[in-house]
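Next come two complexes built around chain A: one with chain B, the other with chain C.
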Partner chain A sequence: MDQITPKPVKQFKVIGTRPLRPDGIEKVTGKAIYGADLSAPNMLFGLMLRINEPHALIESIDISIAEKLPGVKSIITFKDFIKINPDNKYNETLENCIANEKVLYDGHAVAAVAAINLNIAKKALKSINVKFKKLPFVINIEDAMNKNAPLVAKGKKNENIPDGFSDNVVQYCSFGHGNLEQGFNESDKVIKRTFKTPSVHQGYIEPHACLASMSDDGKADLWCCTQGHYNVRSICSNIFKIDNSQLKVTASEIGGGFGGKTTVFIEPIALALSQKSGRPVKIVMSREEVFKATGPTVSSLVDVKIGMKKNGKISAAKAIIRYEGGAFPNETYELGAQSAFAAYDLKFVKTEAYNVLTNRPAQAAYRAPGAPQSIYAVESVIDELCQYFNHDPLYVRILNAADKGTKSSYGPTFEDIGLKATLEAAKVHSHYTTPLKDNQGRGVACGFWFNFGGNTCVSLNINFDGTVGIVEGNPDIGGSRSSISQIAAEELGISLEKVKTIIADTNSLGHNDVTDGSRVTFSVGLATIKAAKAAKKELCKRAAKLWGIDEEAVIWKDGYAYPAGANAGIQDPLSLEDIAKVSSQTGGPIAGHYEVNAEGAGVSFGVHLVDVETDLETGHTKILRYTVFQDAGKAIHPSYVEGQMQGGSVQGIGWALNEEYIYNNEGKLQNPGFLDYRIPVSSDLPMIDPVILEIPNPGHPYGVRGVGETSIVPPLAAINNAVSRATNIRFTELPLSPPRVLKAILNNL
Partner chain B sequence: MKKLHVNVSVNKNEQEFLCNPEDTLLDVLRNDLQLTGTKEGCSTGDCGACSIILDKKLVCSCLVLAAEVDGSEIDTIEGMANGNKLHPLQKKFLEHAALQCGICTPGILVAAKALLEKNLNPTEQEVRYWLAGNLCRCTGYDKIVRAVMDAAFEMRNENGSNYT
Partner chain C sequence: MVKVKIWGSLKNFADGNDYISVSGSNFKQVLDDISLKYPGLKPQINRGVSLAINGKIYRESWFIPIDEDSEVVLMPYMQGG
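Showing the complex of A and B:
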């Protein structure tokens, strides 16, 4: 687990160390409280009625028998939400939680029940009589785009859609620059291929859970596992037409999200059931519900055409991207178009992308949403061109790599980026030159993610005993409380043990954007540094007061206030603790806070190397060795940076080799459980070797870049390239599951 | 419907509870005995988040009916530390950063403890196959496997019988 630091710019004391995480003991002893772990006095249990049809017109929902069952306290349908607020008719987020006029996918909910126990709630669900008319449905991208396709939803189509498609094609975008034709004419070889990837699920182990209490006057408390409780508050207060201040949302410990917990699925339902019954209501999803009704990724159909010169230089590149994200429009297609060629410095490049509606659950973000699919296609064609010209795949990538000053394929010009350094590190790593045996292949691929900044608040309170409490508002999904405490300790010059970071509820701190886009360590870290600077300024002021000198004559260094120079007089330095202890006499408690819409997140690149062995008799592929090279800007807690690199890689391995949503001819999901939807298990894998590079992000005082998402991007192509090289068959569709690979091997004999 | 009366030892404490015939042991642990450290990830025995030790055997508590365990001994994550002294596995999971979100951690710790009680010198492959029934979506298992191997090493050197 090497760390490569080409240009150390700043000496740190706490940053870059690997302390034990502050929430660790709770989590290894079973004490940590997750979404489903909290109960309230007099609580009811909520369940949702789901229809197992891909597309149906709801004719009637008869709850008359169910509501008379002893122990049933409230039942709701979409109509209740229209009664609460007529605008809900147009609310797509709500309509994904509970169907309005139509069932839009297998597992779409149509009603919900709250009862005194789960057995009664189950009985009530069975007593609800739903009459519906089945409608023609469409599941796959090609079918849905076809002029004659059944229409998933009316009136969703944007004006800029090119002609020739059904109205299921609702959004379109294009990016790029230069004269493509000229570029392709200059090529010595052009390869064009079409690639497919399936829907896959984020697969967090904790199903969605919430506990809601809402009174008739609209005052409400909501506890839930979410990546963004402020976003939950915005969505729910909009649905219930209540003020933000009246809905307090508290984020539980969160059992994984990966983007899948950035929206709501059950929270408005639990609130409505609670309001109607006058009692707290808890809803916990089953695993089947999670698979059927929460966001998988988009599935994709991508054409890529790349021209290359003999010397390995890419002369032109084009991609046509089609993403299907279920029954509601989404923005993922645009991210796919922007990221497709981001790793390369190209004169002639164009991407076009279409977003297509189908009768599947609404897609939700999944770690670098949109990037793995389009980059899978691009990196696979580049590998094929490398094979054609017999070029080293890392050489070709270094030759074409985007660098500082490159005008990216999606518009912006890059600042300092770490792609070349990452590729060079891969090239000299022992992994790259280790000999391979028969039926083994080595795959290489690059990955990219934008990284987000966004709205962020941090409050930093200095206690009378000299300890420090940080209040931030982003659910800690992978150890961020540790990173934020480290940043505060570094900036204040105190020991880490003196700092504790907590996640505030929505009434205790200003708005914070969702924990997504790899934004937390960057944005919350940035705000923490600024809050600490504000606190230091106040500490200097108090020291000045104690010394009877001007506040400008005091400086802060390594945890102590000093007189600025000889003119300021000679004083013993005062520690943070010294000043805090007497702060009551110098003006009261000391704190710093900072609020920002953070910019300058700094894009991130990674390169993955993988060795595989494919069994020619079964089609099964084994991962033999896996190495991840990624630019972290600055790793605050290297163990958790490595964890992001390893975890994302393994999710990508699952995507490449096994995971897929399987629908039958009736449009019903066939594998809504972990037995048939197979995520990687420990015996499938070798160790995942992470190599952290640190090319400082100029947009952050410590150089931090987000690290959470890039690692899921390269595995799809890296494994595709490795299996293609191991078998001498070019694969263009995932997953590379044994039946698919075996079929190709048999066809190729 | 008449409830069933069950006597059981949980983490060495004698307990009794009433349950419906269809209640799972996981339901009772979480809802009646307030032992929410045991997690529910799938309720079909596929994810291992609800792993417990039932009469010295590692089981998924979502696949056991509560009514079946009368007279049994159960160990859950809440009984793993000795008071406030962490078990070496718990300590090593923290040192190796072997958890991110932590939802699978209780089940994996219970499963790993069951392994080390049978085999205090497991190979990496033995650890990986033993833990294959415990899904983790965050870590990619690398640091988990290292933590288990390191805990085994420490327990061998400090005479593992103290911990088993």
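Showing the complex of A and C:
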């Protein structure tokens, strides 16, 4: 594992070290409390009734028998929510949790039950009589866009949709610049291909789980596994028409989220069941429910046309992107359109994108949402052009790479970015020159993600014994507690062992945006630095009091207060612990806090190299070697950064080789379990070798960029390119599962 | 006046132009003036937009200053996973 720091950066003492993870022992010994571990006195068990039809009109729901069963304490349907707040602005989110007038996808819930145990709850579900009328349904993008397609939902269409499509096409956008026709005319070769990617699930091991307790007067407590408990509060308090302050949400430890836990699926249901029964209600989704009713990614259909000159220079590029995200408008089609060509400095470029409804579960975010699919298509065509001209694929990417001053394909001009550095690092790495054998191929692909900041609060409290407690509000999904503690220790000049970071509930700290967008180390880190600076100012003030000098005459250095100069007198330096011990006598507890809507997160690029071997008799592809090069900004805890790079790569490998939602002709999901939906396991993988490039982000005091999402972007194309080179067959549809690859091999004989 | 680049599919609501000129010296003023001068863009602005100012993407900071020579790009509201 390498770490490359191309430019001299600030020297750190704690930042950049690799301390043991603070939550490690609790997690490996089973002591960590996850969503499903929660319990409360008199707790009821909630279950949801789901309809296994892709599209149906609900005619009636009869709960009369179920509600009379001994042990059944409450039953709800969508009508209960209408009574509470018919005008809530999250009705679409709620309608994904529980159907209103129509069942919109296989597994859509229509009712929920709370009972004294799970057996009674299951019996009650069977006693609910739902009458519905089956409706025509549509599962695939092409079918859904067709003018005569069954309509998934009315009234979703925006004002700017081009003619010729069904009303399932609800949003449209385009980006780019320059005269495409001129660019293509200047090309020596133009390749146009159509690519497909399937819906894949985020695949977190921990299912969604929550425990809710809500009283008649609207006061409520909610514990849940989520990437953003403040967002859960915003949604639920709006649905229930209660003040934010009356709903306290506490985030449990989280067993994976990857974007899929940025919204709600069961939390409003548990709250409603609790309010109706007057008792706490716990809901834990089964794995089948997770697959059927929580967000997979969008599936995609992408046309890419790229023109290239003989020298490898890209002369023009165009993509038409179609993403379906289930029965509700997806949030990623624009991001796919903006990301598609972001890695390249192009004079003539255009992307168009369509947002399409189908009878599938609503998509949810998944690491760099929208980028992997469009970039897969673009990077595959670039690789084919490299093969056509017999150009080195890294040479072509370096030749065309976006750099500082490049007008990006989505509009803004790039500041300092690290794409060229990652490409150069890949080119000189031993992986790139290792010889390949028969049936083996090497794939290269670039990836990109925006990253952003957002609303963030940090409170830093100095205890009387000189230890430091940090309170922040973002669930730790990738090691942020350790990174934030390191940043505080660095800024205060104390040892890491003195600092502990915890995640506050929603009543203990101001609003914090969701843990997404690779934002936490950037924005919580920024707020932590500012909070520590505020605490240092107060520490200097207390030292000044003790020394009887002006506070301006005191400076803070390496964990000690010093007189600023000779004029301030000669004093023994005071440590943070010295000042904390007497803080009660010098004015009271010392703390610093900072609240910000952080902006200025820098974009991030990655380059992946992969070697594969494809068995020509079975179509099975084995990953032989995998190396990730990523511009990570300053790596606060390099092991966690490497973990993000490895984790995203592995998820991308699964997406490329095996994972897919499979629907039958009746619109029903056929593989809602890890037995039939195959994610990669350790034995499928070599060690993923991460190479961190530390190109500092000028928008952060320590140079931090987001790192959590970029790594899932390149694997789809990198593996597609490797398998295509290993087999001499160009593939345009994922996953490259053995049956698909074998079929292509046999057709090619 | 501030020159704002808009994305392609919004051109129809801005007289077919890639760039629009509006007045304002910060994020909010610029967006307010876009809505005022180009009512066709208002639905999109209400759905959510970001502004890239000199290469940095801002999602909500109303009072981020914008100079007349700033590079300003209207973008969809950024989201992540």
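Basically, the second predicted complex is superposed on the first by the 746 of 749 C-alpha atoms of A that agree within 3 Å, B and C clash if a C-alpha of one lies under 4 Å from a C-alpha of the other, contacts with A are read in each partner's own complex, and residues count from 1 in each chain.
Here, a contact is a pair of C-beta atoms (placed from the backbone, for glycine too) under 8 Å apart; a residue touches a chain by one contact, two chains touch by 3 or more.
Remember, it's a predicted structure, so these values are computed and weren't measured experimentally.
Of the two partner chains, chain C is the only one touched by A:367; chain B is not.
Of the two partners chain B and chain C, more chain A residues are in touch with B.
In the superposed pair of complexes, A:329 makes contact with neither chain B nor chain C.
Using the contact criterion defined above for the overlaid structures, shared-chain residue A:21 touches chain B, although it does not reach chain C. In the superposed model, A:160 makes contact with chain C only, not with chain B. Legend: residue contacts after superposition of the two complexes on their common chain; A:258 is shown touching both chain B and chain C. By the touch criterion defined above, A:350 reaches chain C but does not reach chain B. Contacts of A:673 after superposition: chain B is touched, whereas chain C is not reached. Using the contact criterion defined above for the overlaid structures, shared-chain residue A:517 touches chain C, although it does not reach chain B.
On chain A, the patch touched by chain B and the patch touched by chain C overlap at residues 258.
By the touch criterion stated above, chain C contacts chain A in their complex at residues 5, 7-10, 12-13, 18, 40, 43, 52, 54-61, 64, 71, 73-76, 78-81. Interface residues of chain A facing chain B in the complex, by the touch rule stated above, are 18, 20-21, 23-25, 27-34, 36-37, 39, 119, 202-207, 253-258, 284, 286-287, 477-479, 637, 639-640, 642-643, 646-651, 673-675, 679-685, 687-688.
If you check the complex, the residues on chain A that touch chain C are 158-160, 172-177, 258-260, 262, 331-332, 334-335, 338, 350, 352, 365-369, 410-415, 449-454, 516-519, 597, 599-601, 699, 709. Chain B contributes residues 20, 22, 30-31, 35-44, 46-47, 49, 76-78, 80-81, 86, 90, 93-97, 99-106, 109, 125, 127-129, 131-146 to its touches with chain A in the complex.
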